[in-house]
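Order of writing sets the labels: A, B, C and D. Residues in every chain begin at 1.
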């Protein structure tokens, strides 16, 4: 039997503490220590051995590490861990821009080290099951993907605009569930709350396979929603990643008869089913897969290349918003 | 006291019969006759005096007329009525293309006759109250408008694609509630059901006043929805024109305390109110205003110029979808 | 081929006009005339031949008749029609009290004439499909029935309390879907709005087969609801007779894993399905069955005996409320 | 400045661990130790000093204690703590039967020690705000209370039937929000899942002040709900203690005009508002009040007498279900 994996963690913010909690719950994984330059963060580490630098963490001898630091620091942290040969999961987004993301991809490639990105939404039970059903052809050929990720401005410190911080969720999950890269994007953004970065983006895009995509992402809505709607020629699947629910609207089988009802439900109606699906905590699924990948076992992780592609589309959204023109995505 | 207005109707299809029912219920309006070239439609006119041609209708002597015929016939019908000096409400959209719409505008102007367009959604109680509240500043400065008009393919015969037939609702209501013309549009369309015209359009647009607009319109969704969401710096108003409900989401006043709840509702929560609003039937409101306008009384109608502007934006959506480029709207 | 059935109608109130509209739409049924003692009701008969008395109606020669008059007049109308040998559907409830109901049952029996009761809720698509599924054993052995019929006080004139006027719906449908008579009832009522009769009743009852039943019926709630919930050992079916929807909550198959979700959904979760069901207008179904019964064709009608049993339970509810004691239903 | 309160805890089950977590978070309260006779429970105490007996806990010197043990053990634990002069919060229900509950009330009275009951639902934000609004007269005179507490059978070990274990929530909250004791109760129960105790109870009751009450409580429903509906002459308030939401349905102000809508919403419609309310964790509120009471500061706790009254009504429900008769509650 193999020894437990020795795990490190960089960053003891809100997300970092979540990683710590889940890493501690993983079988055959030992959370060795966590690094954070902020003394007050280390003081509140809740019993975890806390060090100030990534160097010290590496020196403890770790097999894998989670980098849960602000996006602008990902490059430095990633370089240090890659060079040290530590398999690393980097929180999303991989980097604030494609160029930086590219250097991270290259660093891990150069050192032959496993790297991946923490696109947590992929591991949400609703999207896991949505993708499984799409692959089984349950709604036939796909026409349209719409994501709505709206809500009030978060309490956590955000070092980026809503495109990089939030829409990268939508970009990653859309490419992942459809299995198709983006072909072109048109976006409008708004800067409304006196913050340096945009806080609203609305985009329409076309995927390489012809699917029409819409993203509605902002920090300006009074209500919080996290909805992914996928429509195909047999019906529509709606994933809510807040409640982890997946609902299927079957194409109409019953033509409307009673006039009063037709006005409300349309000319036909089909079954609507909210599926009971297994709902493990997404972070647990994500880190379990990461640990499995480190052990060389079958697993599905978000590759650094996928993380790079997502940052590229985010950049294209911002470019389109700035220029007022549709942007073709070169590949 | 004035004599009742003598009203005519052109077209005895589904919508025409609705007009007939409501015209008959209007005080001081007498539905004189209805014209339809189809014998079977005239036979099913339910007691209404039915003639074959617009000419015969005009010859009965009418003050006003509703033209509820297929869009491609609007020009001919409109010309004949304008020339005869009959005040006319033309069903939406005004025309299949801007050039045709322009000729209709000019015909009514040349003859000095009142013309207007039946953009019925404006008269939906939810949108009437939404616009009133926006004008009062209830949600402050506007950021974003999103309309979702999705559902199964209608049973009625449709002589146009979803852009002209359905998205013209969204274009008209967006310009009307915001009081701003469009500046640029980017659209993707899909042709999925073997019909000659597109059956899905997703668009992002910017209005002259900077509001970011998204339209999701199709005949491919298994569920029917008619939703308009307007977000401003004090909150969000959501109009459902199926149930004629208007719901207000106030910006968050209560910061989240109980962690379990915060994950579901976001970092703050505000009151959510579904308003009790007067709900007269939209068609009754529309035709009452039309009759009032004919009498020279205060009224709000959709002008032919507004109808033309809407057809122009619809054309821009199709042009953007065809070219794959953002289209600036010249005015 | 048989000649069309000659139909009569007594009562031109709101419900009567609905009957008229539907009788006119039935194939092989001819609405001969309608009787109403009120001149203004006859004047507004919308083209239907209107007479003042049941006698005149009978004299026209009718095969069947719908009696849609105030409950207190049912006895007189029913006697006259039974004596004349006219098959009659009497609006619900059959009579204001069991003794009167009994005389009606006997009158039709004595004359060997078909009589039935217009318990329209049975013909609601949601309850039709609910009963079908119960009969198929889809939720196994039944434990509990709960009906909620609450809403604002209706505009129509009501000559009875909420027990007789409204709860008779619940009593009839409960006995019908479960196939079991009532064994005992305990009820509380309230008189809150200055009306002579009670306007709220809450009751708990036990059926002969051990099912526990709750009825919540009033004219005091600001929102309108018409909900029937049936729980069995395989799950729960919920019928909404306003929207004619039937929803199935399957017993839990997925044990909760993610703690955050368990607090909201319980320890297990099963599929939830809103079924697409055929939705003909209930009144059309009811009258089609009545016409079929008159023709001697297969049909399901609500017998006068069933109508009597419902009035008996309504009486038991009032008796329980008055005495403050549980009432055993003698049979 | 006063020293921190020294707190003890009896019982390290699911609820006990929740108490531990919250006690540790209270300012000026120190969780000294927890007692549990089960070695495995002590072993999983998560860093809390764990002892085997209440005696040992008392010997550590504690000012207050939470008793979170099975209901059948409440008497022994309570006696020991009362005798030792330790202010105690006993988990709900106070005791399995009124007689036992009475002895606990007497024990604390005899020793002059503060005792209270952990009726946690009272501290749910939705019910806190509901009661506040009732006291302000926001819905006028009360007519009706309905509670629905249904869901799948819980994973935790339950040493009682649904009346004692679950319906005591409903009894306590109903008396508390209305400020009125019960006058009479009629209940039906069912034993459906092969468990020794009843797993379903439906009851109708009348309060001393004439309010009509219905309780629907079971462990048999596939979906989980925790709903309290209170109707008065100005409207209706609905508390959902799962989501901690409070929604107000105002009495109708807008008469229905559009016929299609009236069928769905009733003859009038009023505003519907989901209030944004402060949502602290209920257990935190409960224990903060308990600690305040121990310090002699203003606080609202559930008295032992209230806990006893609730157990008495639970007993009356079971008695009514067993006898099939309405039970008058003697006071």
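The rule we apply is simple: a residue touches a chain if its C-beta (ideal position, glycine included) is under 8 Å from a C-beta of that chain, and two chains touch if they have at least 3 such contacts.
Fair warning: this is a prediction, and the values are worked out from it, not measured in the lab.
Between the chain pairs C-D and A-D, more C-beta pairs are in contact across C-D. Between the two copies, chain A and chain B, the C-alpha superposition involves a rotation of 180 degrees in steps of 5. Centre-to-centre separation between chain A and chain D, using Cα means, comes to 40 Å. The mean-CA centres of chain B and chain D are about 53 angstrom from one another, to the nearest whole unit. Under the contact definition stated at the top, the residues of chain D that touch 2 or more other chains are 243, 250, 252, 260, 263-264, 270, 272. Taken together, the touching pairs cover every possible pairing of the chains. By the touch criterion stated above, chain A contacts chain B in their complex at residues 143-144, 146, 151-155, 184, 186-190, 192, 200, 202-206, 210, 212-214, 216, 218, 220-224, 231, 233, 235-236, 242-243, 249-252, 255, 263-268, 270, 272, 320, 324-326, 328. Across the complex, chain A meets chain C through its residues 125, 243-244, 250, 252-254, 256-261, 264, 269-281.
Looking at the complex, you find that chain A touches chain D at residues 260, 263-264.
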